[in-house]
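Multiple structures follow.
Each of the next two complexes has chain A plus one more chain, namely chain B in the first and chain C in the second.
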Partner chain A sequence: MKATIERAVLLKSLGHVQSVVERRNTIPILSNVLIEAVEGGGIKLMATDLDLQIVETVEAQVEQAGATTVSAHTLFDIVRKLPEGSQVSLEAAEGKMAVNAGRARFNLSTLPRDDFPVIAEGDLPTVFEIPAATLREIVDKTRFAISTEETRYYLNGIFFHVTDDDQPVLKAAATDGHRLARFTLPRPDGAEGMPDVIIPRKCIAELRKMLDELDGTVEIALSDSKVRFGLGTAVMTSKLIDGTFPDYNRVIPTGNDKLLKIDPRSFEEGVDRVATIATEKTRAVKMALDTDKITLSVTSPENGTASEEVAGQYGSDGFEIGFNARYLLDILGQVQGDAIEVHLADAAAPTLIRENDKASALYVLMPMRV
Partner chain B sequence: MPIRRLPEHLVNRIAAGEVVERPASALKELVENAVDAGATRITVRLSSGGIDRVEVIDDGCGMSAEEMALALERHATSKLPDDDIEGVETLGFRGEALPSIASVSRLTLESRVRGAEGWSRIVDNGDLEEEGPAALPPGTRVLVENLFAKVPARRKFLRTPRSEYAAAADTIRRLAMARSDIGFTLEHDGRRNIAVQPGETRPERVAALTDRQLIENSVAVDYDRGTAKLEGVASLPTFNRGVADHQYLFVNGRPVKDRLLIGAVRGAYQDLLARDRHPVLALFLTVPAGEVDVNVHPAKTEVRFREPANIRGLIVGGLRHALDEAGFRSVQRPSAAALGNWQAEPVEGGVGQSSTAYPQGYSSEHPQPHQQGHPQGFQQRAAFFTPPPGSDQASVWDGAPEYQPAPEGKAEAAEAPVPDAATHPLGIARGQVSETYIVAEAEDGLVIVDQHAAHERLVLERMNRAVAEGGVASQGLLVPEVVDLDESACDALEERIGELAELGLELERFGPKAMLVRATPAMLGAGDTKGLVRDLADEIAAYDQHLSLKEKLDHVAATMACHGSVRAGRVLAVAEMNALLREMEVTPHSGQCNHGRPTWVKLGHGDIEKLFGRK
Partner chain C sequence: MNTDPPENAPLRKIIHIDMDAFYASVEQRDNPELRGKPVAVGGSSGRGVVAAASYEARQFGVRSAMPSVTAKRRCPDLIFVRARFDIYRAVSNQIRAIFRSYTDLVEPLSLDEAYLDVTDYRKLPTATAVAEEIRERIEEATGLTASAGVSYNKFIAKIASDQNKPNGICVVTPKQGPAFVARLPVRRFHGIGPKTAEKMKRMGIETGADLGAQSLEFLQANFGKSARYYYRAARGMDDRQVKPDRVRKSLGAERTYGQDLKTREAMVAKLADVADVVWERAQKSESFGRTVTLKLRYADFETPTRARSLPEPVASRDELLAVGTALLDTLIPDQRGVRLLGLTMSGFGVAEDADGETETAQFGLEL
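Entry: the complex of A and B
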């Protein structure tokens, strides 16, 4: 194999693929990136952790086709340090790969390409497209609620499913048992009959990074066990979480009769300010509701107390409710507009937060007893 | 089949099966009788662990000849004058012990009421052998010989004299602790093993029977909750043992063994002590007679509390209170072994016997190993200074101090003047060694503080206080979690629902074999709820204590504490060091790290003088 490629191009795509590679690997080949030079077709870079794989194709001058694997992190670090604007030549022969740029010479150990595991996609019957910007929004508005608790593996991802409400929709939901985030969009063409899938957190994280640099649309193809994202020059394939996502509709309250309308920015800033003195991990913030205002307060035996009044529209009976400040901030960080709706019932019942009844995102938050 | 009334001697023998199962239990009954008789000195002599012979002599009120005859009859007692079994204040009340023992041994009872003649009565396995006048000082002497000689089934189950003796000594120790006003001596096969004087204070007595050093390393427990009261002594967490053998509980003056104590002690010392270390303590609980039933078992070592949760709370609260008061104290002096490491090298060719204890090759290869600043010599010193096993420590203490190369840690000049030291028990920081230890000068000696351990402790205490003051916040679950457990585990958890809710875990019974979790302690985040509840059920079953939940909370606190702490290896300014010392002085439990090791030690002036052979 022999090819020459521009440093910037190589760096960018190595950046994409190497982040899939786990830092500590018991299987040596999984630390490596597969580099394949295709006659007249540029270079393909591929990395995997056996659950998630990214393949990216970049332009290069290929003198001799072939393939090899080298340590992904080492190669990435090398390319990162090469002078800007340089041309990098990659040449593999006899178990080594030479990396040359300017006067820098590296000779890296390789592992045979045939040992490199490739995820078998199988049949992916459902295929549809979503604008990259929309997909970005879906991820941003739900991923913070994904559970990290491994014993509840079926919550370790975002749940995608289609239903026919008033109109056919695609919904994405995530929960960690304390809060729930759901995003709804009109069902894209081709998504009808789609199986319910749970896309794992790591795939979501890598997907989100790729989406940053992408305009246009993303092609999504899936079966009940795999999903593939077509992201411009890159293709990401992931296994899905094999589990049943709980019926989350039950926890979305419908009868919460106390409505607070409040400016999300001043709400967010107020919570953030009073939470400063809550040094514990719990970060409980109390919210006292009164006619057309709320009083946020935090009591920390260690630091003292803090309170802040925030104006809002509220006409029901006054009462107090406690929330985890971080959970509130996670949600408030995702809502826009002048006034959001907070639907409450009582101090122990789930609370619903959304921009308005047309908004595609909806959040449910369980209160804290403080 | 005809029903018949059992003859007296058979009834006694059946009763004996319950009251007397080994020499220690006979001994217990006899000593209790002596205590009830108002004795001020009680002498106990045993042969072969008591199997051959148990003798108890007291200087109590004694009995007349007629009373002696009655005492050997079943259900004859002087201790329940008005049928008030609830209000009994003597140790005995059944009138069962003497006849029972007399039915399975050869029992000699001699007694003399002050100002009257003495009398003796000998009963052999239930039958009167002889009686007549006896010469003895006022009081009572009971001799039990050949216990179970005619009850082979019982005799077979006796253990070796050694373990029978151990049980007997434990009995005496407990009774002697319960009554520090009475003098006790215990002789075994002619050797006097326990001798405590009448009229000692309780801490003196407990220390005399456990560990003399307990006096300096314990706190007094004195906790009054209206009708219930807890008193006693408890060791500082730094004064601990590998086994929980020195933990004694007394309820209304009666020694009892109860699992409740184990759990409560664990609860109180938890996070002050590693799991496998145990404090030394003797606790005296006084509760209204109606709150406790002592009539559970003929041997009276078991009691039943009407409200065990309250009693546990009282013990945990009382201990915790006492330990909190103790504040920053911990074991004040470095242990003898640690002091050993401060020893100076004997003069060259000086004390012959210790030079032979040097590691091999010392004399030939390094005739003068401690050339100044020689790094090798520095390294080796550690080995030389550790006293060889079995060698007499005192002998290596003599000798001139060698020249010590300057340690590498920098000692900053202290800015605060000395007078301050008088007001600060932990002294004034004089410098830092190895970027790990703070060296301070106190009025009465030199203090060395492990900066990381100390700081970690301070942070954890701060956090615990937050938990205590603010209560534990709990986070509701969107979907209540169902945890399948076996029925007894569910029952156990259900009983504790109230306490668990206080710790932030809201549970509900969900059918016979499951619990429903509605909320979890917020500190634990979105953790493994099922695992938590299962661990909890196990723990409650094992210790009847909700420790694992508290432990988990503490663990979160401890982990955060650890992250928020000054690491070893950080250079501290003198002002920072002094601030740390001052905070330690006012923080409870700052004397030990989270694992019960001391966070600081003090080398008293006396100790320093010893190091230089001035004393």
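Entry: the complex of A and C
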């Protein structure tokens, strides 16, 4: 194999694939990136952790086709330190890969490409497209609620499913048992008959990074066990979480009769301010509702007390309810507009937050006992 | 906060009862052939340790927690007997029933020892008489002997029970207390281990009297948090209460393996066995903790632990194992083999923070 590639192009692409590679690996080859030079077709870089793989094709001058694997993090670090604007030549022979740029010479150990594991995609019968901007929004408005509790592994991802409400829709939902985030969009063409899937957290995180640099549309192809994202020059393939996502609809309250309308920015800023003195452990903010105002307060045994009044529209009976400040801020950080609806029932019941009944995003938050 | 008891607090009567070479004595009781012979309870194989040694074995220098190999070297005729914890537990229940016939203030420290506060027991004139009666009743009911320490606080009672072992009693009155403590080597103080004792020795502190001669400031400068306890203990003062039904703080089990475990598969399989044991014990005592701690010992004896707290108590043996395995995965792969694995559950009951205040509780979605 012999190819020459621009440093900036190689660096960007390695940046994408190397973050899939785990720092600690039992299987040595999983630390490596597969580099394949295709005659007249540039080079392909590929990394995997056996659950998630990214393949990116970049332009390069290929003199001799071939493939090898080298340590992804080492190569990434090397390329990062090479002079800007340099041309990097990669040449593999006899168990080594030479990396040359300017006057710098590296000779890296390799492992045979045939040992490199490739995720077998199998048949991916459902194929549809989503604008990159929409996919970004879906991820941003739901991923913060993904559970990190490994014992409830089926919550460690975003659940995607299609259903017929008034019209056919695609829904994405995530929950950690304390809060739930759901995003709804019209069902894209081709998504009909899609199996319910749970896309794992790591795939979501890597996907989100790639989406930053992408305009246009993303092609999504999936079966009940794999998903593949076509992201311009990159293709990301992930196994899905093999589990059943709970029927989350039953925790979305429909009969909450106390409605607070409030400016999300002043609400967010108020919560953020009073939470300054909340201890890392509890993070509880008390919210006292009264006619057309709420009073946010925090009492910390160590630090003292804080309170702030925020104006809002509220006409039901006054009462007090507590929330984890971080959970509130996660949600408020994702809502736009100048008013949001907070539908409450009582101090121990699920609370519904949304911009309005037309909004794509909906949040359910459980209170804290304060 | 002032934790001193009022100086005119009524004098308490505390008894510490400690069974004599408990496990080994049970074995000798049940197997006449073992009587009068050096017996060790525990595994004799490569990495076994002595869980208990009979008095005959102790004469050879065999001690509990000693590696079986060492014990065998010190006492070549040592007879190893496998531990029968269900029997020990049954005997333990017998003696606790006896304790409870005198007072509800019984604080078991293990299967074979407990503190009793008999201040309010009026049927016998002295705590000494109570202790003697308890020792008689234990021997009658179980055929085993116990030693007792009788004094006015837990600290002295515990040391006293060791004073005339086996089958003995030692009474330390409030008047004798300070002199009794003054003569003690500091190593005998509860909470002073070999390292602290060594540090104290370098400072010329070897007895209770030496310790009592130090100012609180000096002790605080050198021993930090424990200073106040040392200062008071050296004066024979200890106001800790006898806490009935001690709230369990943790529950766990660990196993040492004859051969180092090399693969993840082998470790997970062994961890599953440990999880079985811990779960069984949790179910028996109906104690389910929210925090799971994994302990692991590499072949070079480095022994890291990793813990994770869950929002809810561990709900099943499988969940316990899943959390344990996840913690294990943070410590492996590692080229060193693994020779010990342990799992502990803690964080029982109502969540409390360090100040003992009830944590504000997050409600959960009913998913």
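The definition used in the following text is that the second predicted complex is superposed on the first by the 370 of 370 C-alpha atoms of A that agree within 3 Å, B and C clash if a C-alpha of one lies under 4 Å from a C-alpha of the other, contacts with A are read in each partner's own complex, and residues count from 1 in each chain.
The working rule: a residue touches a chain if its C-beta (ideal position, glycine included) is under 8 Å from a C-beta of that chain, and two chains touch if they have at least 3 such contacts.
These numbers were taken from a predicted model, which means no experiment stands behind them.
Peer 1: Taking chain A as the common reference for superposition, should the pair chain B and chain C be classed as clashing or as fitting?
Peer 2: Here the two partners, once superposed via chain A, clash with each other.
Peer 1: For A:369 in the superposed arrangement: first (chain B), second (chain C), both or neither?
Peer 2: A:369 contacts both chain B and chain C.
Peer 1: Quick one: is A:177 in contact with chain B, with chain C, with both, or with neither? Answer first, second, both or neither.
Peer 2: Both partners, chain B and chain C.
Peer 1: In the superposed arrangement, which partner chain does A:300 touch: chain B (first), chain C (second), both, or neither?
Peer 2: first
Peer 1: Contacts for A:111 in the overlay, against chain B (first) and chain C (second): which applies, first, second, both or neither?
Peer 2: neither
Peer 1: Going by the contact rule set out at the top, does A:169 touch chain B (first), chain C (second), both, or neither?
Peer 2: Neither partner.
Peer 1: After superposition on the shared chain, which partner residues are touched by A:98: those of chain B (first), chain C (second), both, or neither?
Peer 2: neither
Peer 1: So, does A:38 touch the first partner chain B, the second partner chain C, both, or neither?
Peer 2: Once the two structures are laid over each other on A, A:38 reaches no partner at all.
Peer 1: With both complexes overlaid on chain A, does A:148 touch chain B (first), chain C (second), both or neither?
Peer 2: After superposing on A, A:148 lies in contact with chain B but is clear of chain C.
Peer 1: Give the stretch of chain C that clashes with chain B in the superposition, choosing among 238-246, 256-264 or 292-300.
Peer 2: Clashing stretch of chain C against chain B: 238-246.
Peer 1: Could you list which residues of chain A make contact with chain B in one structure and with chain C in the other?
Peer 2: Chain A residues touching both partners: 149-151, 175, 177-180, 246, 250-251, 281-282, 284, 301, 322, 324, 348, 350, 364, 366-370.
Peer 1: For chain A, which residues count as touching chain B in their complex?
Peer 2: Residues in contact with chain B: 147-152, 175-180, 246, 250-251, 280-282, 284, 299-302, 322, 324, 348, 350, 364, 366-370.
Peer 1: Please name which positions on chain B make contact with chain A in the complex.
Peer 2: Listed in rising order, the residues are 462-463, 465-466, 468-471, 473-479, 481, 504, 506, 519, 522-523, 525-531, 556, 560.
Peer 1: What residues on chain A touch chain C, complex-wise?
Peer 2: Answer in residue numbers: 24-26, 149-151, 175, 177-180, 246, 248, 250-251, 281-282, 284, 301, 322, 324, 348, 350, 364, 366-370.
Peer 1: Chain A touches which residues of chain C in the complex?
Peer 2: Interface residues on the chain C side: 264, 310-311, 319, 322-323, 326, 333, 353, 355, 357, 359-367.
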